[in-house]
Structures are given as structure tokens and as C-alpha cells.
Amino acid sequence: MDYQRCVKLLGDSMSEECGIIGVYSSEKRELARSVCYGLYALQHRGQEACGIALSSDNKIVHHKSLGLVSEVFVDSLVNSLPEADIAVGHVRYSASTQDKSIQNAQPLVFNGKRGKFAVVSNSSIINAKQLKAGLLEENILFQTSLDSEVFGVLINKFSKNGYLDGVRHAVEMIEGSFSTLIMTRSKLIAVRDKFGIRPLVLGKIGLDDYVVASETTALDAVGATYVRDLEPGEILVISSKGLESIKWSNETKHAFCIFEHVYFARPDSVIEGQSVYKARRDSGRLLAKNFPVEADIVSGVPESANVAARGYSEESGIPFIEALTKNSYVGRTFIKPNQGQRESAVKIKLNAIKANVEGKRVILVDDSIVRGTTSKKIVQMLRDAGAKEVHLRIASPIVKHPCFLGVDMQTYNQLIGAYRNAEQICDIIGADSLAFLDIDMLEEACSNGHYPHGFCTGCFTGKYPVEMDMKELDKQFND
Amino acid sequence: MDYQRCVKLLGDSMSEECGIIGVYSSEKRELARSVCYGLYALQHRGQEACGIALSSDNKIVHHKSLGLVSEVFVDSLVNSLPEADIAVGHVRYSASTQDKSIQNAQPLVFNGKRGKFAVVSNSSIINAKQLKAGLLEENILFQTSLDSEVFGVLINKFSKNGYLDGVRHAVEMIEGSFSTLIMTRSKLIAVRDKFGIRPLVLGKIGLDDYVVASETTALDAVGATYVRDLEPGEILVISSKGLESIKWSNETKHAFCIFEHVYFARPDSVIEGQSVYKARRDSGRLLAKNFPVEADIVSGVPESANVAARGYSEESGIPFIEALTKNSYVGRTFIKPNQGQRESAVKIKLNAIKANVEGKRVILVDDSIVRGTTSKKIVQMLRDAGAKEVHLRIASPIVKHPCFLGVDMQTYNQLIGAYRNAEQICDIIGADSLAFLDIDMLEEACSNGHYPHGFCTGCFTGKYPVEMDMKELDKQFND
Amino acid sequence: MDYQRCVKLLGDSMSEECGIIGVYSSEKRELARSVCYGLYALQHRGQEACGIALSSDNKIVHHKSLGLVSEVFVDSLVNSLPEADIAVGHVRYSASTQDKSIQNAQPLVFNGKRGKFAVVSNSSIINAKQLKAGLLEENILFQTSLDSEVFGVLINKFSKNGYLDGVRHAVEMIEGSFSTLIMTRSKLIAVRDKFGIRPLVLGKIGLDDYVVASETTALDAVGATYVRDLEPGEILVISSKGLESIKWSNETKHAFCIFEHVYFARPDSVIEGQSVYKARRDSGRLLAKNFPVEADIVSGVPESANVAARGYSEESGIPFIEALTKNSYVGRTFIKPNQGQRESAVKIKLNAIKANVEGKRVILVDDSIVRGTTSKKIVQMLRDAGAKEVHLRIASPIVKHPCFLGVDMQTYNQLIGAYRNAEQICDIIGADSLAFLDIDMLEEACSNGHYPHGFCTGCFTGKYPVEMDMKELDKQFND
Amino acid sequence: MDYQRCVKLLGDSMSEECGIIGVYSSEKRELARSVCYGLYALQHRGQEACGIALSSDNKIVHHKSLGLVSEVFVDSLVNSLPEADIAVGHVRYSASTQDKSIQNAQPLVFNGKRGKFAVVSNSSIINAKQLKAGLLEENILFQTSLDSEVFGVLINKFSKNGYLDGVRHAVEMIEGSFSTLIMTRSKLIAVRDKFGIRPLVLGKIGLDDYVVASETTALDAVGATYVRDLEPGEILVISSKGLESIKWSNETKHAFCIFEHVYFARPDSVIEGQSVYKARRDSGRLLAKNFPVEADIVSGVPESANVAARGYSEESGIPFIEALTKNSYVGRTFIKPNQGQRESAVKIKLNAIKANVEGKRVILVDDSIVRGTTSKKIVQMLRDAGAKEVHLRIASPIVKHPCFLGVDMQTYNQLIGAYRNAEQICDIIGADSLAFLDIDMLEEACSNGHYPHGFCTGCFTGKYPVEMDMKELDKQFND
């Protein structure tokens, strides 16, 4: 996996790779603490900013800031927040420097025609530009570059009969992917786009308290038990009347982002009954079965590709031996190397274990190749450490198309595989051999009888659940 | 491995589990940056505080603070530090709350009879109390609770003919373990106790620049190539005249802390020519060979025991499947759970992967058991996740004795194994079976032809290179 | 002066006591630095939050945060901001805890139908509630509790022919006080309500650069020379075409907030050609002439009443001797006293100079009495220090009415003078005598031939330039 | 007063302009809070760093940091400190950049032969270099550049019969000025040099609790009543036995630093029964009597010279009108101006009130002239604002000699008056006329029957209570 996790920017905005959580409690509790725990468990989905909104005594208060959950929500702050009936939280990542502003942190809290409401979203609205253009005509103005703001504006617009009604109307106007939570003063409303592209699961604490979150790891963290995944095209309303599920679209189709299995989700998450860990391990096994090569050791690019690498090892019988270590103490504030130090500085984050590599033929498994730049450096690092051969095995197909549904693969030009085959990529990266899973193999690994529904495989195949002219979008969003 | 990394407290002080680095450059350079890179690579040895001292234009300046290297040494600070000829750095961990003060951060910079000098140390001086008592009689007073201060005082005391002379005298008075760097305005002096208990390696950058550090990982991070480990009982002087090695004791004996291989050192470090990774993997293999058990999966307690667990898997043929994930985003500032949340809060740091564990017979490998409290929780966590059986395999012997030479195992009372055998321990922890490597197996795994010298195995065997009455020390230091 | 400077809250929002500045430069310069200097000079108008927006290369970027200018805009931040052609800045104060959020900091930056624009405002819109109600009907939603947001929404709504057109329409809909700057990508637009209630001055740097700010002190700080005050009912457009002045209302009337002279403005400011210093000094003189009393010393409540006190001293011949010192090191983060320390804690901020007071008859001059609570404490403090008599002289009339035009005097109930005469107030406060300037005297002191235009004296007289039923507003806004 | 408050540096160390406070309580209380209040009231004596040490349950804990009291001792920190029987606190200022390190913050806490003790000091030891040289011979080494450390070392050295005994010996070896507090686990010991150069007063809270502090303002802040000033050459011991006063020298002589009256002390302080306010006012009166000049207004350089200026106004009958305002919001973190902004940046801190100055003949009173650089700028600023004439009147004599007893006047070369008379200084500064009080006048103003004891007037007269060859010291300490 050779790219930084980040938000895709459509135009100067419009996309959010994020983690979300909402808690509905039957009685007022310290929900801020619970939501924090959930956000810890979703932190891998976004490290730039985080926030919490609480509905307490018919008021909505919120706090958000740039930084990790552990940096922002310190004990003294959490203690100062009121007890609440409902709460939502959000972790956010952003790619571009200019986007890294507090304005784009979530939750967004709106004061609308039916009082205050809060929105947290993991979404990518592909018709946001058009929607905004129309709304601008209607005298709406925008204070962020988030598509959650577009969502909020639409909800408000159609909320003559309450925000739930607004949500029902809004979802029908939005094209793209979204897993979104709306908190009013009395309801927690969860919605999922009609293809179920981004994940969203429901959990339960005790008899009457509910949790909705991006991944099951967040349920574990707050002591909730898994109930079910939300359905594509579902609106789930949690209120004092209990649960109410509304099917907002009849054209639903399962097209879950297969890249969640490949890279995004935590390995201990379970999605639609399918273990992410198992999907990755099986990917590695299939890789070994289909693209064997003689070698001394199998190794993964830490941490994300280790599970696949071990699957490869199991299937091939070649021992799994780590070729690289990753320094988890090097965070976002790494001091910059000067000219002479650039080379050694790379080794601070990722270091080859010479003792394991020297004189060895190494199979290096990665989860995916997007830009290819890091892969090249790693191959070189292994050769410098004495590797005799380096065979790269990728636990997913060649990424040939950008994604406009929430994964940071912005333009054709940035993708090493957009116009190249495996051989050409191998040449650039400098490996002795290179092989990718094909899409059928990946789907097999990720479904395995548990997921009969189908995936969004757009970045690999160019086939998206939503109709879109990718070359056109690519051009439009990147001049 | 069931304990927090921390400093051992003898009386109210006197011990430092730490990482150290020193750089000597033939011409003035941005050494602060280099030392930072080295400290990043040693951060696993101490996360409480860090500091750097620089010798520049015949002056010694320093900066130290509580916090991680990435928090303390931000770009703007590093840029403000002067270029230097010599530099030393330190990362520190401390066990007790009251000890977490800036006073106890290193380097210590002294203004003594031959001008300023700085000391950084990874040491545990067992006669510190007696030395201090004598020095107090001589009107010396102390401003920290560090044994580095005792060392500095002694160096100064005997420095009539220069600090090097002071160092030569001081080392003879100190009993215990020490790997220590002394920086004067013109020299970098590295010393190692006569048993070589704590690690210390020499590296080279280009033709004339030298690096001395706790582990080879720090050499990699600053672009240095490994030259050799310092010898037990060696004083190495680096100055404009090049290297000078002095053997300060004729009674040297190799007694390297075997616990560095078991737990402390980074797996990509090489100690005395022996790969730490290989030692751990071989430990796991020997564990499998000697203590087999029928099971479905082998798993390690992350991260430290994973290598041993994979060795077990290789040898036994039982697949290595992770049973647990560790959340690397949960740092030191984790917000405290309230009463009702205590149980789920544990899962935020360490979470069982239900999909991998449910209905399975699990072999769980850990590197060591000291107090046993965490082990108990983990076994329970696996059972809650549906494990049918949990067999604990420990890649080291039963810890039966406290260590007063630098490892945080303070008193007999704290050690679950001090007065218990494996069976009794197994009962407490609640595993289905429990087995430990014996000391011969561990020594075999850690030496493997490459390390003919012998280890300090005091915590396992009660045999220390230094003579000491442990029960007496235990009593003395803990009332 | 017995109240904390703070924002008035109408309903849960709608008022901003603030300082604003805008700079238009003929060529791209380091405007962030200039604006910071201006904000330093306006800091007395608001200490809660501050922010800057820059128009640079057709883009608008901004930064805002809670804190003082010197805390928020540190050197490294200012250096990281781009050079710009136009810039606006804001300092803000807020009364209530819940309002102290980053959401309510300014500038507000909107993405509207004609691109981005920024608004900074010192305003109090009395029909904001009605305007919001109407806008909510039109599907607008609000993300802050600022009337600047209402202003921005209206500007955008009417901006079919550009934002300037929007401004022209918006000002006609807004009732209340406003001195507001609007920055588009190419223009700096300054507007003032038709009564000129809040201050706003124009300055010039060199030939082609312009500055608009709340007070002349900000012009001094950025090296600008004073040109003129903006007229009531004026829109001033600064662009590449130079200055363009538009009279947006024919019903203008000068009704400048006389409380700016009494308290808000800095003494070195000049408003409409009238020195604030002189107005205060003359107030004190008139107070002495009309309300003489035999005494040993004249003293002022520091710092704001010292100038008036010295006027009193000059006129009466009684020496000005300080009775009280104020500790300028005690900021907003003063640690809270426990029960037993409450009394002495008051003395940390304000301490009686016993040597000056003991056995003396003291005339204590204050600028105004609003709630009366601090006055009472000070009188007691002087008596404790040995004052024989304490005669309170107030350099303004009795505050009998709340202000809904920008001064923090929220409700009738909070005003000690709402339903009481001087004698009754004197009884409560515990002074030996108490006298207030009457409104004619205050107007004389503040106009002095230089300001023939008239003032808003609503808080003293109940006569406001805007028609409003105060009792009704008081009731409406405070249940 | 034209210099920044700062510590004098003798050699690379050895002097502390500071504020100190100690509290002894008969029962365990929240002393940290009390000491904080006292330090707020002493903050004008030092703004660089502050610290508190507490003796609680036979243990001594302490916290110190760079920053203002309000920044360092926030509520959450103070709440976390234990209740205590005895406490000491310190505020510190430092001149040089390299000295601004946490190492030089106080209290210093030593672990010596009789247990722990803490030292806070306002001192300048002129034989520190010699003492250090001797102590270095005795194998002592130093970790700070503070003379408090020398003091602490001496105390410990002679403490065979307890620290009190050590203090008695130490004071006899030290030459120079010192007002110092020593806290042991059971005693608070206050000492003053035999000339009483630096201030130190005793106060009482209730029946049995005592406070010792640099100024009476700190007594006010903690609710203590003034008892008396400590005597020159006194050791005051406060313990469970009550107060014990020891006269440690028979050669005592009152030589209180007259510069405390001129500038250092707060105007609401009372020193040896003499009001600082009154001394300054009388200085101004004498200045008017002896150096009259025709003019329109009298003004002071804010804040320190305002009291003297008002004395001048009273005596001369010329009205006191402020010519300058000072911006109290511009702190230590003022952003740096670029080239073109340098001139206007000065005006941010200090701004001329044009309305008061234009066309006027101005008498500007300052408390002293040391380097003369700021005076020159201010005179120019007044002329730029339109002043017709600027007559400078200084409420103290020409500073002709450096001070090595605690005031920051380091070398002859830095003093504008070292080799110049008033006329020559006037030429450099550019005033129309310049006059200084002579030393007799200043002594008269500062004693006024209340202080028959005599002052240290070394900086004005070259006559110091301690014998010293100033030219020699000047040379010695500045190469």
C-alpha cells in the first residue's frame, strides 16, 4: 500500500474519508466518554481532526478541533461536557494543506427551521457541484467545503414536516456514497446510500441503547453487541419510540467498496458478516496459489499487508519472516531532514531487517499499488539490505481508475497503473517480478459465501454502481 | 509480556531504563537533527522524557523536556539549536508518578572543575546509596534522583587531570550496570560496565564521524554503518585524535542482559552479531519443540511476542493467526473510563478478533510473565471471544527474582513467579495450559553460535554477575 | 466602571462588541502582519477571539482562534500566511460561557453565488430575530449565533449583480447598529449604519493603500494617517479603481454611541475630530464644577476612570492621588480562590494603597455605574484601608435603560439605576455621597464644538435613534 | 525608565532580580494557592519563570516552569498539588537568551546531608566566582548558573548540626546582596544580607501563620497583615516553636537599594514604613521645585514614571496630561516587524496622544535613564506628534556606575551617563532640556523622616556598602 490515507478532493472540496459514530441512550449518560472510545477505535479512518456533538436537555452542544482523539478529548475537556441522551462523533482525514482547517472538521451543527441538528458523514457526493450550483441560486451560501454541508442544507430545505422528512427528501437528491448520521434534539437518524458503498453497522447496549458506527471495532469499544449492518438505501430512526427502519429507495443494490477489505477497515472488523482479517488472509492465499515463485521468505509491507503476507506464507509453505519494521513513534510531526539526511530519514519510519533479508530471495506482499512511489523505495531498501531477489505480490488488482466515491485516488495521472500493465509497473518499481490478484480472485477472497451481494470495484474495473464518465470527471475536477 | 516499560526505583531513585546516543563529527554540523533521528529509533526504550546536549564552539547547550521526541523536538526548536561538533541524546522512561519531573530528564549538564560536561546514561548503580552517603559526607548535594548524577559527581571529583581521568576513576567505584556517554567540550567518551550488561554499539559515518548508541537501529537512522559493540569494561574516547580504547578493568566478563533479547530491544537490532529477530523466532521454535499442544491457531501478544509466536507456528505447523489487535492510536493520554465503562475500555487498547478465535483452540505466545495481571485479562478476553482452549506459551523462563540492574522487576512480592511454579501460575491466570522455556533453551536461542560470551540471567536464575544478596536488597529498597 | 466588557446577548445571539480592521494594498504585501498590528491596537475592544482573512491571488484564506492576538498570531503562523492584496481582521469579546466557541469567531468566510467573501463586524442588529425567521422560511440555515452571518446571508441573497449590490440591499433591511467590513476577492467594502452608532475611520498608507478600522489607534499602529470618519449611512468601496463612496440612506442622522467616549474607546483615539482623552478630562472637570465636595484626594477607578479623575482634580484643586492599583499580570486564567481566600483574592486584581488613603477623605471617580456590584466592593476596600470618607463621582449619568445597540447592558433588572435615583444607589453602594453628570454635561464634554452631530444616549435617556419599545425588547429577549 | 527589567549577568551567571515569598502554616492547607496569589502580586519583579516548592508530610515537592504565574499555575495544576505546612515561591526575570532555560528557574530543591531543602532567592553574590572556585576544588559541581545554588551548597556544607546551622555559616561567607528563603521539611528560614539591600517583609495570617515576601503587596494578596521588615543581618526562623530571630552579623548597616523606590517596587508597597508611592510623588515635587521650566503639560513615561510626573504637576501647577499610552495587551510574544514596519511597530507598544501633545510644550518625566535608547525614541515620537518643546525631567540622578548588587546595569559602556554630564546626554537624546534630581534630593524624597537608615546609592555615587573596585569588576565580568 503505497499512499497516505487522505481525503479525495473533488474540485476544491466534496469528499470525506472518515469514521463516524452515534449513540442513542434511553437515559442521560456520559455519552461524550463513550463516543470518545468509539472514535479511538475508528481513528485509523482519519487522523486530522475530530469532534463530538451532544444533545442534552433539548440543546445541542459540540466541540471539535484539529488533532487525534487522544490529543483533543483530554480528560478535563470530556469531564466538562454535559451528560446527554444522544451523541455523534467524527474523525477526519484530509489530503491537501489548505483543507486542514478547523472549518472542515465535523460534526457540523446547523440552526435550521426546526431547531438545531448535527451531521457527521463519511461520504462522497458526486453531484455536489451541481447541487451547490442550484442551492446558490436559491441564495444558500456555504461556510465549509464539505459535502456534509450540502447534505445539511438539503435536509433543512425539505424539513417543513420535521428533519426526518428533510432527510427522506435529501437522500433522493444526492448521488454518490454516503453513510451519514443526523442528530436532532430527540432523534438519531442513520442513512446509507442505495449501494451501501461506505460501511455502517448497528449495535446495542443493554436493552434500549443503540450505537451506529462505521465499523464493528467501535461497537466493541463502547461495549455494544453487533446487531446488523445497515441496508443499502435504509434510513434508520432511533428515538424514544425505539427503532424505525425506512427503505428510501427501491433501486438498491449491494456495491460495498471492496477497498475497505483491501486496506481501509481494521482487520478485527466484521463487514456484512465477513471478517476483514479472513478476507485479507484469503487474498494472500489466492495470491500464492496463482502467482507462486521460488523464494526464501515471505514478508509484508507493515502493517496493512501483513495479514495477506501470512496467507501467502501459509499457502506457499515459504516462511513468513519480517523484512521491514515500522516505527510507530514517528507521527505526523516528524522533523524534516536536510539534504544530506534524506536517505537515512526514510529508514526512521521503515527499516529493513538486514539479518532477515541478507542473501535471501524475498517475496514482498503489499495490499495495493496506487502511485507506486513508496513501493519503489522499499524494493531499493531491501536490495540495499542484501536481498538477492525481490518479488512483489499485490493482494488486489491493478488500480486503473480514479475513485470519486470516497477513496483517495484522484486522477488518472497519479495512478501508476492507469495506462500500464504489470510488466511495465514492475520495470518502474524495480522488482524481480510483480503479480496482482485479478478482480475475480479478490471478490472470491472478500465474499467467501458470506457476501453474496456484490462490490463496488470501480477503481479496478471502471465499473461503478453510479453512472459516471470517469475521464470527464477526472478532467473536470482537476484543472 | 505483561508489564509497562518503566524504570526500576531503588529506594526513591537510582535506576534508568533508557536509550542513549552520541555523535562525534569532524566538522560542525546540524547534529541536533541527527541525534533526533537516532532518538526516534530508540524511542521504544523510553517515552517519558527526552533531551539533547550539544558541544558547539567550546560551549555546551542543551534542551530537555517531558514528552516524546516528536513532541519535544519540533522543527522550529531543532532549527534554533546551534550546529555542533559533538552531541548526546537521551530518551527516558519512569515508573512512578512522582518521578515524572523535568528534573530527572537527561542529559545532565554539569559545570565542574574542568568546565562543562554532559552525561547520558542507561544504568543501574547498585551501590548508589552507599556512594551518595559518602559523597554527602563530603558536602556534595544532589538535585535529581538519577544515578547519572552520582556518576557525574564522581567524574568531577577525580578530574584533576581532566574529565577522562575522572571517568577512569569513577567507573571503578561504581557497581552495577552502565552504558554511559560523557560529552566534554572536545571529547565524546563512551563507557560500559565490566559485564557489558546494557547494550552499546559503535558506528561510523563517512571517514571520521562516529556514533555510539544503545542499539543498531539508531545507527541505521543516522546513516551510520555498524563497526562493533563496545567491550565490557571498555572506555572509548572519540576526539580530534580519532578513537582511543581503554580497558578499564581486567575482571571483565560477558554478562549481557538476556532480557534485551526477550523484550527490550527492537527486533531489527543486532546485538553482538546476533539478530534479535532471530533470537525471538528461535525461542518460539524451541517452545514449540519442547512444549507442543494440539491447537487450531498460534497467536502472539502484540507486538512484542509476535515474532516468537511465528517461530512456534513454523515449528509446529499450526497456522499463525492473530487473536488480538492493538490500537496504536491510544497513547499515554487515554481518557479514564468511569465505573460502567471499565470493561469495554480495556478493549480499546487490545481487542480480540472474534472471527479468528471463536470455537478455536488457541496457543497464545507471550515473551515473558512478570506480574501476571495482564495475562489474566487477555486469557479472559479470548474466552469471551469464544476460544475453546487457551494455551499460554512463554518464550522465556519463570521470572523468579527481582532485577536491580536495570529491568523493572522491583520486588519479590510483585513477581507472580517468585514463589510459584508453572502450574500454580496457570491456575491464577486461568489458561488451559502454561509452559515456559527453560534457561538453557533461552540461552541457546539467544546465542546460536554467535554469542559465546554468556548472559546475565539473574531474574530467571538468581545468579547475577555482580554479587548481591537479593532478598536483602529487596528488603532494603522497599520499605 | 463596574462591569466586564462583554457582548450583549439578545436571545441566544445577535450582538458583537468588537474591533475590526481592513487593509487594501495596491500591491501584494505581508498584510497579515499589518492586520495583526492593527488588532493589537484594538485588543481592548475584545479579548476572547481573533481572526484574519486574506485575499490573495483570487483566493480567500483565513485563520481564527480563541485567544489574544499575541497568543493566536505567533510569528511562525504569521510567516506561514500568504502575501495578500486585501485583508480584514477582528477581535471579539463574549459574555456567556456557551458563546465562547470558535464557531463565533470572525471573520466569517462565505462561499456564495459570486465566489468567496469575508465579513467582520461590530454590530447589533435588532431585527435579527425577525430576519432570521424569514430567512429560515427561505431554507437558509445558520451555523453561528452571529448577526454577521445574517448580514452575510442577506448580502449573498441580493448579489445577482455582484456582492457590492448585495451589500447595498442588505444594509437597507438591517435595523440597528453596524460598522462592518466585507472583503471580496477584489474589493474592500466598508459600511456604517445610518446613525453612525459604532465607530469606523478611514486611513491611508502612502499613496494608494487604505485602512479602515474601528479606532484611529489602529491607524497609528499600521503607519496610516487619518483621513476621515466614515459617514453614517455610507458605503465605502476600495478597489483597483480607488475609493468610491455611496450614500445608501437619505435618512441619516448622527447618533454616535456616547458610551464609546465614556468607556469603550482608547483614550488616544480621536472620534469625529474629538479626542477621547479630552472628552474624559472635560467630563471630570464638569463633574468637579457641578458636584464639588470637600476632600483630601481625588482618585480614579483604574484604568478607565483615571483621566476623568484628573480632570476633577484639575478643576477642584484637590490633588490626584491614586487610591487603588490594578495588577495587569492577572489575566483571564486567574486561579480560583477557595472559600477562605475569596476576600484576599479580590485584592490581587485591585489593591488599595493604604498609605494614600488612610485617614483621608477620598473622592473616587468612576466612568459609569451599570450593575453597581464592583463599586460597592471598592468603596468597602477603601474604608478597610482607612479612608475617612468616600465620595463617588460618576463621569456619566445614571444608566436607566438597557442597550440593544452593542453595549453590554442586557436587562432592566441588571441595572442598579433602572428604577433608583442617586440617593438610593448611594445607599446600596455605601458611599458617603454620590453624584452623576447629567446628560447635557456629558454631551458638552464629548462634543465641545467638534461634534455638532448628536449622540445615541439611549442607555441614559431611553431615547434611541432607532424606534424600539425597550420594555418589550427586554422582556422578549430575556425569558 | 529606559531599560527592560532584567537580571544582571556577572560572568555567565550570578545574579537574580526576582520576587520571593514563603508561607508557614500551623496546619496543613492549600498553600500552593496562597503562594500563587502572592506571586501574582510580585509578578512585576520577574516574568520569565516561576515556581513553587511545598513541604508536605515530611516530603518536599516542587513545580517550576518558564512563563507567567497565570500561565504556569493553572487551576488544574494547583488542584493537583498536595496540601502543605510550608511553601516557598519565586518569580524570575533574565536578561540573556541563553539564560532563559528551565534549569535556572527557582526554587532549587537540594537533597543534602540532612534531607531535602529548597531555596528561593533575590540576590547578587559578588564573591560567587571565588566561592565557586573554592567549591570546585572541593569537588562540588554546579548544574545551574544561579548564586542560589552556591548558597545552597554552602548551607549543606556547614549543616552537620542541621540546615539552620548551615545557613548561619553560609551567610557569613557570602558578600553581596541577598534576601533569601530556605525551606526545610519543618522550618521556614528567612535571611537578609547585613546591609538590607534587597527588600524582605514579614506578615501574619491569623494567630500562627506567617508570610515572608519581597513586598507588602504580596502580604495583601494572601490576606496577611504587615508585621515588620526583616532587619539587615537577620536570620528569622519560623517553625512549630514560633518565631526565632537571630542576628548573624554585628556589622550591619542599613543600605537599602534606593532603586527599589525609583523603579522596582510596586507603588502600593510600603518599605521600612515608607510608601513607595509617596517617595515617587515627592521625587516629582522636588524635581519641579529645583528644575522648573515653562510648559503647557506635564507627562510621565507610562507606567512607572506617572506618579513622579504627577508630583511634578502638583508642585509646578502645570496640568498633568498624558502624552503617551502604553498597550498592555502587547506581551512578550509580540510578532516581529519586517523592515518597512519597524517604525510603526514601536507605536503598538507606546503611542503618543496627538490631541494632547500637538503644539504643546511638554515636560516629560521619567524615573531614570540607564542606556538612553528608549528616551531618544520617545522624544522623537512626541516631536512627530507635534510637540513644540520636550523637556525631560528625571526623578533620579545620573546613573554613573554599574550595579553588581542586583540591578541590571551591567557595564560602564552600557551606561549613557557613565562618562557624560546632563548636557551631553540631552544632546544625544534630543530633548530641549534635561535635568536630574541630585542624590540628596532623591534621598530626601525616599526617606522623609521614615527611613533614617541610609541607602545603597552605588549606581549614582559609586559608593557601595560592600567594598568593591567597580572598574575592576566591570572589566573582569565583561571580557
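In order of appearance the chains are A, B, C and D, and numbering begins at 1 in each one.
Please note the rule applied: contacts are C-beta pairs under 8 Å (C-beta built on N, C-alpha and C of every residue); 3 or more make two chains touch, one makes a residue touch a chain.
Computed from a prediction, not measured in an experiment: that's the story for all the values here.
J.: Could you tell me which of B-D, A-B or A-C has an interface matching C-D, in the sense that over half of the contact pairs are shared by residue number?
T.: Interface equivalent to C-D, from the options B-D, A-B or A-C: A-B.
J.: Roughly how many whole angstrom separate the Cα centroids of subunit B and subunit C?
T.: Comparing mean C-alpha positions, subunit C is 60 Å from subunit B.
J.: Based only on mean CA positions, could you tell me how far subunit A sits from subunit C in angstrom?
T.: 47
J.: Among the residues of subunit C, pick out those that touch two or more other chains and give their numbers.
T.: none
J.: Once you draw an edge for every pair of touching chains, what topology comes out, line, ring, star, complete or other?
T.: Graph shape, chains as nodes and touching pairs as edges: a ring.
J.: Hey, which residues of subunit A end up touching subunit C in the complex?
T.: So the residues of subunit A touching subunit C come out as 61, 98, 101-103, 108-113, 136-143, 145, 152-153, 156-157.
J.: Touching subunit B in the complex: which residues of subunit A?
T.: Touching subunit B from subunit A are residues 30, 33-34, 36-37, 40-41, 43-44, 47, 68-71, 73-75, 78, 217, 220-223, 266-268, 270, 275, 277-278, 281, 307, 310, 314, 319-322, 325, 327-331, 333-338, 341, 343-345, 347-348, 351-356.
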